[in-house]
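Just below sit the structures, each encoded as structure tokens.
Next come two complexes, and both contain chain A; in the first it sits with chain B, in the second with chain C.
Let's look at the complex of A and B:
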């Protein structure tokens, strides 16, 4: 059966019916998770939230190979756009989420156009993204109209689904579960399409890609669009979930690190990488944050240590390790 | 050779900080022809390739393809006109499979995934890499990587295929295989412009040979005439005879 699959596997991505059934059952079972472990619902939500934003980062950084060190920019824009629209104008965050995505995409395309036009890649592009995130960080910190350093408190209007407000945590969990499942599915499907292959070709070798008819500028901007949009979506959901945002926790450098670390550790340029990375890193960060509460920022040292270990021993992330296991296992069963 | 030339290079010059890498070089490639571009190391062959394929813009001169000016076009636009190139230092998309590598080229002509898949499979077979179809490109040997480089370029359905030292680093048997492949490509009606450092390797496939030395075209003609040309021999063997004279 394995051999059969190998010859059938061509360009697109396909799975056998058996695996699809297993995944469907898994997705249904995951709906029970908050009821089985009610004390961990917050942890599950944060895990899914960072998996979503990790997917956003992964499209630009993992697939198209343009490392961003400032994805907190898009997160913050998503959070601030919907929150300001809601607090100042009473616009529903469901519209706010769309507006946030729109603004983030516009700013992303602007930065992308400037950077890619002048051939900024690698560390230079990473730093440009960091610089823009810091600009927004500083502006949001000092501009009274957007709450300055105090941030924005989003008034709770009771349980009102039309305003993306819920008195329980579970609805956020279900919402994020479905969003992450869909985004992961579409990312995986995208890998084998024209755009997906073009992104990877640009990542692997931009000169070779352009000699084969790929416009690097155009497809990097397409990647930027998806990447900024997904991350901004996470920002709005985060704001509605916590009902409070401030400059440091949205536009801050640490948040950029949080967003990029999950796909890097899970496996950049793989559809499951961000989710896997988040499943490992989020609980770890929550636990150490509580355990090392007395030493503020100490959990970041742990992040550093994990990152060093992963980069040295697992350059392809956890997904690389999983793929190796699968290969070994399928060889043994043959 | 009937008809208008496919590629016309007229008086192209390119300098790097005062060093003239290519100096007023002109030549033609006609449809269905295999043209060799030879010369010692540093003669400006790859620079000329980079200019024609849009990776560098020349300081002066003109390049037309099927009568259209190609100067100022980006590499991907030139690819869409029907000029494909390979790189001397192969640039495989390492994490993509052989089939996916070729598909990237094929997508430039067709957006339908099934059609691209079929075309990519056909080309992979044509260059003899069928067995490695689903292997990541990084796992290929050097000769296979050279073939993959040609396959990807072919997948863009070029009218002119420019090969930058496809035989470099190959042993004599592998070179024979590559020469046979180039001949087959030409039989399919695709013109080939081929850079080679070692003259002998391509002498028996080319109808026309252009010789560069220090960025200047020093000779052009059929392979027999070229290998007997004293100026060419001098460029390859040194200038002792010239100095004595």
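Let's look at the complex of A and C:
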């Protein structure tokens, strides 16, 4: 344990100086990416988008230890709220994104309050989230007012930044780049704060944390708030980027899997995990989808295999592997 | 809505409820013995459905005789499942175990999509059109047979667990695995067999519904969730509870089909799942979860 902490401190010190400076330089350099590889802008956008939602999932699942199998619920709420406000009432998606976050947080707090109040943890919390997402999925599929199975087509009003609409893809890339950078930075800063430490204490041993005076209910709800809000934000941006949403691609089970797979592969409960996971999985899934176009479902088969292999062989994700390397490396240099 | 219409839905609900109970009993056995929540249980059932479907449509085997092949095949699949993916994570945190079974479910469902396309298939058998009438209520032979099979299978599993040495070993391993190990029971083998039996139950349920249910790769998801609802309703580890839970969900489903549009049929099961988990997590008949 002591050795672990020493490594952590060493790693923390190294990160706080050199590595974060490097990451800041990297962030500036990343602005050139769409001009260097213009044909891959879509891939970069999807990578960042799922990194953002992975961060959302990671706060509740990775840090606070409450695994959710239904984060598509918040994604769908974000996408549907802003799109309906825009299409039916002409409200700008910039307001819609705030409304979407608000609705998602309210629903998240409702589900969280009920579940945590009745002591639902582990698999049963995961499944109750899935059940809620599926109910929204089925309702959105058969309710004509929200487009039913056909979904919602969002009219393009030309290049109008005030409506979060751009005729080029690049603005979405820059927007997401900054959001993901800020969310990742604040998540990392949050790790060491009181709330961040309480989350990890609840994750490791809820009874012990509660005996020491940490209210599991309160801090799990705080985690739920951030988690639902960030995921809903991703939903609105997705809707504005594709200008089309339907029940399956928003509330569907597969989307829940997409959202949670990235932080799990990257390393749950680490600030860089969701981004790393998305950088590996998103290109991989796009390539498989194109290469195995003739076999629908092949990329999901791959997801299943990756999930099994990662959980068995890399339970701490890719970040766990990176940390092991750093540990070995720093031992050698001493 | 006439009285005979209600009676018809009730009857169909009870008949399919027997099948739900069998699926849930298999899930329950795996949970009871290994403390593994098997999210891939419905996918195993889907494999059972496809096995029967292919035996019937390619080799013209009688669907009810196909069960004698479905049992060993699914037993084998279950043993491999336990050996390859569950054994390495027996001591992992609960949520990681759930993730692994979710991964297996994704893998199996989409393997079926790749191999056989996502199309809905309907099996053609001579049994399908046979109906008996009691007053205005029709009893479909295939549904009745599915019910009889499911109940028969559940009953044999009950006797296997209560009356045989193997059953004793399984119960011992589930209650106190270290103690069982000390008395000379090969717990690892018991785990393999239990997972095999649980999978075979799912397979038989699949074969039993194949003559009247569309066969398609994602059909298992529906049954996985239903099986969880049944278990939560009936309480973990109870045969009578699973049966009562199965019938309740079966009836709720057919009432849902009567009142709600087709796409929203399962809203009732999901809502029941949420309500029971939140307000009566010990199930309707006592017992406890986790």
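Just so it is clear, the second predicted complex is superposed on the first by the 314 of 334 C-alpha atoms of A that agree within 3 Å, B and C clash if a C-alpha of one lies under 4 Å from a C-alpha of the other, contacts with A are read in each partner's own complex, and residues count from 1 in each chain.
Methods note: a contact is a pair of C-beta atoms (placed from the backbone, for glycine too) under 8 Å apart; a residue touches a chain by one contact, two chains touch by 3 or more.
This is a predicted model, so every value here is computed, not measured.
S.K.: When the two structures are superposed on chain A, do chain B and chain C clash or fit side by side?
M.R.: fit
S.K.: After the superposition on A, what does A:269 contact: first (chain B), second (chain C), both or neither?
M.R.: first
S.K.: Taking the superposition as given, does A:301 touch the first partner, chain B, the second, chain C, both, or neither?
M.R.: second
S.K.: When the two structures are overlaid on chain A, which partner does A:288 contact: first (chain B), second (chain C), both, or neither?
M.R.: A:288: touches no partner chain.
S.K.: Which partner does A:127 contact after superposing on A: first (chain B), second (chain C), both, neither?
M.R.: Only chain C is touched by A:127; chain B is not.
S.K.: Thinking of the overlay built on chain A, is A:92 touched by chain B (first), by chain C (second), by both, or by neither?
M.R.: Once the two structures are laid over each other on A, A:92 reaches no partner at all.
S.K.: Which of the two partners, first being chain B and second being chain C, lies in contact with A:138: first, second, both, or neither?
M.R.: It touches chain C, and chain B stays clear.
S.K.: Once both structures sit on chain A, report the angle chain B, chain A, chain C from C-alpha centres, rounded to the nearest 10 degrees.
M.R.: Computed from the C-alpha centres, it is 80 degrees.
S.K.: Which partner reaches more residues of chain A, chain B or chain C?
M.R.: For chain A, the partner with the higher number of touched residues is C.
S.K.: Quick check on the superposed model: minimum Cα to Cα separation from chain B to chain C, whole Å please.
M.R.: Closest C-alpha pair between chain B and chain C: 13 Å.
S.K.: If I apply the document's touch criterion, which positions on chain A are contacted by chain B in one structure and by chain C in the other?
M.R.: Overlap of chain B and chain C footprints on chain A: empty.
S.K.: Which residues of chain A touch chain B in their complex?
M.R.: The touching residues are 6, 9-12, 192-194, 197-198, 200-201, 204-205, 207-216, 269.
S.K.: Which stretch or stretches of chain C touch chain A in the complex?
M.R.: 37, 85, 88-89, 92, 94-96, 98-100, 102-111, 113-114, 117-118, 217, 221, 225, 228, 261-264, 266-267, 270-271, 273-274, 277-279, 281, 289-290
S.K.: Using the touch definition from the top, list the residues of chain A that touch chain C in their complex.
M.R.: 65, 67, 69, 114-115, 118-120, 122-124, 126-128, 130-132, 134-135, 138-139, 141-142, 149, 253, 257, 264, 295-298, 300-301, 303-308, 311-312, 315
S.K.: For chain B, which residues are in contact with chain A within the complex?
M.R.: Going by the criterion above, the answer is residues 53, 55, 74-76, 79-80, 84-85, 87, 91-96, 99-100, 103-105, 107-109, 111, 113, 116-117, 120-121, 134, 152-153, 155-156.
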